[in-house]
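One structure follows; several queries about it will come next.
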């Protein structure tokens, strides 16, 4: 994990709201794994104050560069978009727990700006010999991002738009269902489910739908989540999400589980995990997507 | 008085700390008078919050442009120096009371960055047929600003540096004394003193010394002062300096005097005047330079 | 003219147009919708065409901002604090910039109530916008006297009582930090005027609700909150306080969260209309206060940053109402806890 | 590698070097001078190599910032608030950005004192830097119990008592806003530990000096001030409070003027060492607090903005001392009013 002033090599405006920023950070690029993120400053005064978390969209350890694909949604990202080549980016990272590469087949699903962390994932999956299908979704054609970049990989790419302006009319959830049907017809039996994994990033309703399909079909699923962040390093406890407590019998409280040191924090059947450290990628079977607290 | 987003036409770095910024503001340039100032934003977030007052150094109503000569001393001016051609400057002005043109001869004295408001003054004085001597002072040669611009006018320019690296070794105060001596030898008598006026801008110790010379010699003097400003328009009462109360006999309190509406505010023999409205140019005979309040 | 200057002039005009009020940006159809939105509010009997007034002490006596703002468009104009006798105010430095805020210690420089009435009120009367006069004093009697005088003269729509002043009789403790003393001041003002009385509360208290309840019982018709937070800054070069007065009042965007919180707390506890203020610089800021329970809002320090802040807030509120189908601004008051 | 990349790598290294600590920038001769400056301070018996610690809740339990900061260099490490039992904390959103600040409502999520002792303290002990444990509770007894437990285990240099918690027995009023209740908590903690007791005061009070005097009499060895200012933010789109908890604590540069003012007031009135905090992000900020009368300083929210803020503050203070011929940081404490 590093914190540095990185040289901006390129700032491309992709659409009206979307930018692709590439910066030089040799050490950071060597450490970075798909699904990890960086925490960037969007100005050099106290307003806006906090850093903004952005996923790594491009990881090129050979060139020593990293890139960020981001959407301008507020003051921070707007200021970020004003930086240009030759200026410096204050950046911390790589942060968080990225995707785990498992199985022999992968279905990688991105909705809207959610595609950002998925490109390096697809590249690494393919390098590991895993067969990849990418499902991209958006409201309409203009919302599709990084599509060409995915098509350049060896992955099979399927696209759905709500209004049918590109690819199939419908959602990535429809595409997922079809894909899983054809997978299980080719690979029948419960065993085969261990050889596939779904990876998803996008708006919460999309993630919920995917979560339900995978849950009922018992398909392994990894989700990349978002939450407001303060520190980005696990110190402030701002960025929590709820995860299920895996019952280990009586001495459950004593076992600092996979979510790190705060495993002792449990309600009946869930506890808070930090998106910046225990995530942003969580297993579907662990995570409770609805962020409101039950009483 | 206008408030607008003006187009920056030029941002020149003159020395390590000094910049000359030219912007387009046709209406503002037509209204502007030497000695007036503008109030500029140095960023577009809430930090730094306040505008910064800067004198008009160049007034070109024909081209519709204005320019500012400024020294980078803190956060605001530092951010200002990062703006470049084609960007916008949020600027209010012209503000304040400028210099009054009187007499047949003028001695215009600038110390350090204090030369900023004096260039348009000299240009207008000359246009009015007034004979002008410009006295410029600085610690050493590098501190001399806008010297060539003054030399391009028809004014006679004399220069003093503390270390003698340029012009006479000494201060502008020495130059002033000499100049006044030669004036009164050529124009003897009390009457002649009404035909000359000294105009000065620079550090307070310099202004104090000049003030004393003019006071004892009864030479008309106009000083341009600085004080921290909030509003720049007379509303907040942040930017006050002390001025003498001119006794008008018994009904003195009733007379809203030349310092505007707040003339009723008086201590024994002084009151506060607002630098942004009643100034920044004050008559030497009115102003009390030491800014600390006597008890 | 230089070659190309014409283009540049056009460019500048365009840039200025871009900055034009939201009303212009709404388009013709929406403009008529905007005109149908009711922005009028009533605060303690003061009828305002819209909820926006000015923070006392940040807008002078009105004419200072006339070149930038059509004063007729404001809901009300709240003028600089006025005392019985003229006050010189504090030595300089009187202000210092802080992160997203500023400290001021003006020391209530003002020409006194008589000079206000003679020199400033006539101008204000002409505008037609309701004038709220902020009053202050060092004794209960002084407050009452100023209030009495302002009630006689006509052209004053209401009095905003600044209770953040030191009580000289009681060793300089601020009226505004003690509910009993605050109630005494408001009670005395109430007794000496028929005008609406707005109590302006200090945020430097443990229990803002208790303060509000105290002045409500003493007869206040409305509340203004908040005044500035007490703060200070030290110059690390001189190693001394920056302000000649040592301490000063913190204002500006920095304090907005504290102000919104206090409006939220008081609005739910006390049945008086509130003028919310503290860091309002944009329409969204103003809406935060209204949603928290303020009926009116005041733009203070933001005037220094953007002399057109008041009208931009009015225009932005209008746009928000049109976009969100709000027909009457009064529906938004307290929405955050009412619905 | 792309052509030219080597140059770029050099460029990046250079840029990073430029950002290197002031110590590096001082040059060889000054480095030895820097080493002769005494930065060591003692706060309520806790000996710190320099005045800089961390704001509780902003630095986790230490290891979170280890990749960015050599924890051995800190004067002390003040860890997250610890309660008797584990606490889940509040639902999200737990934070919201505000102008030059942020609001937080974490809700004291923590694993409880036992888990702290078992899972976190061993790591902290290893570092060697004094560890200050921030403690909290909903009853006086809870405070005392946590304090008692932490006194037995070794490796804790002092306790910082966060009295900004609701007193569940007394209807949720905060301990920290009532001098009597505050004194009760501090008295109970004092009675149950031999460790230095630092009372951490809430700024949401009318009279911070009275609070400080109260806890001083109850046996506090030192004071931390300030905790966060109570604030809130409303989302104008949803028209509801942003934080799930509705209100939260305001921290960051925005609150610095209030914090400096309180340190200034308390330092002159109460004879206890103070750890000053509230918006410290730069060496100059830290020096403001020291000049106002703080013996130590804590960097809180600024860690989020700049993970190296703590060490940069230490380095900047050193540079300041060298440049200004200050041989001992203790000479600067309270300079703004002492000299």
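For clarity, chains are labelled A, B, C and D in written order, and residue numbers in each chain start from 1.
Here is the rule we use: a contact is a pair of C-beta atoms (placed from the backbone, for glycine too) under 8 Å apart; a residue touches a chain by one contact, two chains touch by 3 or more.
Only a predicted model underlies this, so the values are computations on that prediction, with no experimental measurement involved.
Engineer: Any idea whether B-D or B-C has more C-beta pairs in contact?
Structural biologist: Output for the comparison: B-C.
Engineer: By mean C-alpha coordinates, which chain is most distant from chain B?
Structural biologist: Most distant chain from chain B: A.
Engineer: Could you work out how far the Cα centre of chain C sits from that of chain D, in whole Å?
Structural biologist: The answer is 35 Å.
Engineer: If you average the Cα atoms of chain A and of chain B to get two centres, how far apart are those centres in Å?
Structural biologist: Using C-alpha averages as centres, the distance is 58 Å.
Engineer: Quick one: report the Å distance separating chain B from chain D, using the average Cα coordinate of each chain.
Structural biologist: Once rounded, the distance between the two centres reads 46 Å.
Engineer: Express in whole angstrom the distance between the two chain centres, defined as the mean CA positions of chain B and chain C.
Structural biologist: So the centre of chain B lies 33 Å away from the centre of chain C.
Engineer: Which parts of chain A, given as residue numbers and ranges, touch two or more other chains?
Structural biologist: Expected reply: 46-48.
Engineer: What are the residue numbers in chain D that touch two or more other chains?
Structural biologist: Within chain D, the residues that touch at least two other chains are 98-101, 252-254.
Engineer: What topology does the chain touch graph have (line, ring, star, complete, other)?
Structural biologist: complete
Engineer: Contact residues on chain B for chain C in the complex?
Structural biologist: The touching residues are 1-7, 9, 24-26, 41, 46-51, 62-64, 88, 92, 227-241, 256, 261-262, 264-267, 271-272, 277, 291-293.
Engineer: Which part of chain A faces chain B closely enough to touch in the complex?
Structural biologist: Residues 43, 45-48, 75 of chain A touch chain B in their complex.
Engineer: For chain A, which residues count as touching chain C in their complex?
Structural biologist: Counting only chain A, the residues touching chain C are 46-47.
Engineer: Using the touch definition up top, name the residues of chain C that touch chain A in the complex.
Structural biologist: 99-100, 253
Engineer: Quick one: in the complex, what on chain C touches chain D?
Structural biologist: Residue positions touching the partner: 98-101, 103, 177-178, 204-207, 229-234, 236, 239-241, 247-248, 250, 252-258, 260-261, 264, 279, 284, 287-288, 291-292, 320, 332, 335-336, 339.
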